[in-house]
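Both of the next two complexes hold chain A, though its partner changes from chain B to chain C.
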Partner chain A sequence: MTTLPSVGRLADSRRSKRLTQRSRAERWAPLLFLLPAAFTLLTVSVYPVIDGLRLSLRNTMLSTQEDAFVGLSNYVRLTADPDFWSAWRHTMLFTAASTLLETVLGMAMAIVLYETFKGRGWVRAAMLVPWAIPTVVTSKMFGWLFDGQHGVVNWLLMQTGLIDGYVNWYGDSQTALLTIIIADVWKTTPFMALLLLAGLQTVPHSLVEAARIDGAGPWQCFWSIRLPLLFTTLLIAGMFRALDAFRIFDLVYVLTGGGPADSTEVLSTLSYKVLFSGLDFGYGSALSAAMFITEALIALGFGLFIVRRMRRDNG
Partner chain B sequence: MTDHDDHVGKPASVGRRQFLKVAGITTGGVLAAPAILKLTSVASAADRTNITFASAKFFGKRTVAEMVDVFNQSQSRILVRYDELPPPSSSTEVHQGLVQRLAKKDGSPDVFTQDVVWIAEFAGAGWALPLDEYVTANEAAAYFPGVLAACKWQGKLTALPWYVDSGMLYYRKDLVSKAPETWEELVAAATDIMKAGKAKIGFSWQAKQAEVLICDLVEFVTSNGGSILGDDGKTVHIADDAAVEAVQFMYDTIEKYKISPPDVRSWDEEPSRTPFTGGDVAFLRNWSYVYPICQDAKASSVVDKVGVVPLPHFAKGKSAACLGGYQYGVNASTKNRDASVEFLKWLSSPETQLLFATELGLAPSRPAVFDSAELGKAQPFMQTLKPVFVGATARPVTPKYSQVSLALQSAVSKAVTNGNVADALKEAKAKLEGIVGA
Partner chain C sequence: MLSSWRAQLLITRIALYIASALIVVWSVAPFLWQVSTSFQEDRLLSSPTPSFLPWPGTLDHFYNIFVEKQFHLYIINSAIVAGLTTLFCLAIGGGAAFALARLRVYYHFGILALILSVSMFPQIAIVAPLYLAASSLGLMNTYTILVIIYLSLGLPLVIWVLFGYFQTIPREIDEAAIIDGAGPLRLLVSVILPMSLPGFVTTGLLAFIMAWNEFMFALAFTSGVERQTIPVGIANFTNLYYVPWGDLAAASVVVTLPLVLLVLAFQRWIIQGLTQGAVKE
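The block that comes next holds the complex of A and B.
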């Protein structure tokens, strides 16, 4: 009988040992599982950003073999560079205009696609086609559509009497950026519509039904029930879109190359030219850092709005 | 095989066994052949001096790789390995690839090809071997003077000519009795043709904010006796009267004479070419690749109606054609200098240039090769281009060409779009002085 307690004690100590082992494993396992993701993020995302910032403090140029620490002089040069500021303005203008247009049009599309009608599934799928087309193809397509000599857009506008002479769409500094905005809106509105459609589906149907019973019309239903409930989704989608639009490159690169007269030069094309044509890694990195900072500010602005909105909704 | 034989004992299978034996040996032999061949080539590679050759990808009936094989088979002392870069249409990537390789200074590649505008950059960085001691004055005199001049940096020969291309004037023989020699004549002829309704566009050229705008700029400015940079590569002449007048003329073709549509502001080579081969244009400035398209009945409605001449000039200047094309260079840190120079000289020899002309359609940089009967038979049009290439003029020669070009693209695009020529060029001058100034 003396063995029993001792066995019990042994089992007890074994159990506690196993327990500490398990709790240690439990503590380390999640970190271990996170390691590959953390490693990947560090190597492909954090390291390049930090290295970019480091390069922006140097005058590294491949062709002349210069590579020395120059402090903030690249940034000083940046603030006095009219090309940078004109590209910055074009980028902001493009971002604001395309995000706004895509949100409004995307909202309209989402509302239509939310309603039940025959062939809705097909329409929802077909709607995504412009978004699925590679941007370079879109650029070439819009190049032909808006061609100043043989473009369909000019022909249609002439036929309907909206213009008296052919417009030189992307060869004129007044209309080139507009053409690029139109192309981007055509391509990305379906993506916005999809995001907003998902948001619409989270609005409880009972609320809309209750409003209808109370005698609210469709406009009132939208304005007083759906839109306020959709607002957070709208802000998040808008933020995604704005951050994406800010990086606009392919449309400009293929369609205008930044011209005419720099009128479509955006930050991405400018830094591409400085970095890869000029191989001026120092100044080019400062340009990229300026892009990064602007994007961070845009994200912060949206983020503050979203957080405030969410707090109000929950509280 | 023997193992198999031991186990097959039936007399009836003797025929099959023998068949299997023969078939097995044959198959084995065929399978082993590449390995055996490789072995012998590796054996001979060990005796040979190995060098590498990096070049942008060109192809016609044959490729650059096949041309390298021609050299490898022609002698047994040197073995060249070919390092293929992207095609010249991806110029930025080719440049990047070369800079990355050369900046390592490990002697690889030994020999390379470079766009004519990079010669000063590579020489200035000390990556290109000076070739003066390997090329006699007589040998140098056998190239087009413009091409050879472009191969020099600070008086030293740092590249050897490969092939030449340049801007030229295409005109419609059926609309114009005599090709214009001055820009004035071109404006008059184009205006008449447009008035008579024989062509919608008088003169098509390229004003897209891109490298080609600088090529057109060089031609207009040089044909007015002006220049962009001085011979020292440090003084800036882009705001001098000759240059301002020339750029004003570029703007005037669109807004004053109206012989060029505003669309040229977004046109590079191909968009400016399509209306010409479509029959809508009287005069076109473009490169030599356009001619074969003009003569292709499937793509062109102007077959046999097109003539090619040197570009016009202003009263006080001479015709100028912007020099294009790729040239050869030797890596300054090569470990096999003699073998590299030997391969280089083979590449640039009259025989090899003729081969490149007939097999890859690349125009020779030696005038003598143009007169050969073989070229006349294989590329009759190329032969007629000799007078065009004589006037080939280099773009600004400076190690910082890429930055100079980007600054000019922006300024000249502004000038031909807004018409404030003097202001735009003054601004460009200040920018260029910041880039190339000592």
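The block that comes next holds the complex of A and C.
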């Protein structure tokens, strides 16, 4: 009888020891699991950004071995550089046009896919094809489709009478940026549609049902119930799309190389050329820093709008 | 009255089918045209009227890319880089997502948001510093530097998607495993991992596609066919006097067909994985 409490106490102390061991492991385990990812992201993504800011204050030239602190002179040069401002305008125009088109067309596709019909799974699967194709392949593909001499797009437009002479799509500075926008819209719209479809499916069916019973038609259901409820999702998807479009590089570099006559030069291709053709790492870094700032402003603009929208929705 | 209602229903149905047919044409027609082009003779490709079916067909373009342009070397490079990237992404990203979803981590939504914002950086902003670092470490023109860079490009997406998968597994399972004496590593490897295998397959596929398709870093960090990946190879595919559209189409088909087939096979999971971030608020 007398031994029992002591055995109990022994077991108790053993358990508490194990518990403290466990809680110590529990405290450190998350850190150990997070460490490799944190280390990778900090060294390969975050640190280079900061190092890029440092470089933008120097005149580092790989061709002449120059490398000295020059203060803000790269940024002064930037504000007076017509190439920079023209690339900035092209990038903004491309970002605005492609984001808008992709959101509107994507919404239209999502509405179609929201209805249940036979073969819907196949349509959804087909929509992943443009997304999976490497962008470089997309560029070459559109180069062939929109070729000025043998392109099938010119031929089709001629046959249907929409144009009366072959258009030199990406070989003409009037239409080159348009061709790039079309290629981007082709590649990204289906994916946008799938995102928005997922958003549409979260709108409670009971709401739509109730409106239908009250005599609302399908259009009215869409405009007054689904769209308002979807608006935040739409904004978030639009923001990510805009931030991604702003970085466009592959399509331009491969399809036009920024030409003809710099009419499709965007910030990423301009920076790349300054860095790797001019070997001017100081000025190139100032260019990418300017890009970074513009991108942050776009994100901030969207972010403020989204937060305001959410506040209004919730209260 | 009833018949007009039925007629309206019929019209809606027909419109629906026409619209979805348009979506399918939009999505796959350009690629199908590329497939057809890859089997057509150059003579046919430069004729004033395009022929939509490859008749008479030829395998010349495939011969050109593999025998003359050594395209298989690019494929090997891409397979090695993308394969290693996928493995590391899953191992490292899986651990991080597990910690964020299942262990006690303060501010885990804040950490997730930070990770996501890292993926939104303009990639051109990190090229120059990484280039200088890689040069001084002697990593230029190696698989290693590409894998390291792709790892950091892929991690945000991998962590986000796996985080979503892990959250769908009921927490009671963790508790049961912990009561049975399993530590965190054991919990991940023997309980969570087997239960979210589809998630790992999908996420791995996403990381693989990302690395397989990446162009800018491959262009800047590699030179020569012994290390260049497929996108760089295709981008440099130009003859002196004319653009070899047939060869390009053949190369496009060779590198895209496996991706398209994989994506079609896993489409349900991919759509689920890619869209969950947008839906959750």
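In this section, the second predicted complex is superposed on the first by the 278 of 315 C-alpha atoms of A that agree within 3 Å, B and C clash if a C-alpha of one lies under 4 Å from a C-alpha of the other, contacts with A are read in each partner's own complex, and residues count from 1 in each chain.
The working rule: a contact is a pair of C-beta atoms (placed from the backbone, for glycine too) under 8 Å apart; a residue touches a chain by one contact, two chains touch by 3 or more.
Keep in mind it's a predicted model, so treat the numbers as computed, not measured.
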item: Partner chain(s) touched by A:223 [first = chain B, second = chain C, both, neither]; value: neither
item: Which of chain B and chain C A:278 touches, first, second, both or neither; value: first
item: Which superposed partner A:85 touches (first chain B, second chain C, both, neither); value: neither
item: Residues of chain A touched, compared between chain B and chain C (which is higher); value: C
item: Which superposed partner A:126 touches (first chain B, second chain C, both, neither); value: second
item: Partner chain(s) touched by A:69 [first = chain B, second = chain C, both, neither]; value: neither
item: Contacts of A:237 with chain B and chain C, given as first, second, both or neither; value: second
item: Chain B versus chain C as contact partner of A:261, first or second or both or neither; value: first
item: Touching both chain C and chain B, counted on chain A across the two superposed complexes; value: 147, 149, 276
item: Chain B partner contacts - residues on chain A that touch it in the complex; value: 62-65, 83, 147-149, 168, 170-173, 176, 256-263, 265, 273-274, 276-280
item: Complex contacts: residues of chain A adjacent to chain C; value: 22, 25-26, 29-31, 33-34, 36-38, 40-41, 43-49, 51-52, 55, 109, 112-113, 115, 117, 119-137, 139-145, 147, 149-150, 152, 155, 186, 189-191, 193-195, 197-199, 201-202, 232-233, 236-237, 240, 243-244, 246-247, 249-250, 253-254, 267-268, 271-272, 275-276, 281, 284-285, 288-289, 291-292, 295, 299
item: Of all residues in chain C, those that touch chain A in their complex; value: 13, 16-17, 19-20, 23-24, 26-28, 30-31, 33-34, 37, 45-47, 49-50, 91-93, 95-96, 98-100, 103-105, 111, 115, 117-118, 120-133, 148-149, 151-153, 155-156, 159, 183-185, 188, 209, 212-213, 215-216, 219-220, 230-231, 234-235, 237, 243, 245, 248-249, 252, 255-256, 259-260, 262-264, 267-268, 270-271, 274-276, 278-279, 281
item: Contacting residues of chain B [partner chain A, same complex]; value: 92, 95-96, 99-100, 103, 121, 124-125, 207-210, 261-268, 275, 399-400, 402-403, 405-406, 409-410, 413-414, 416-418
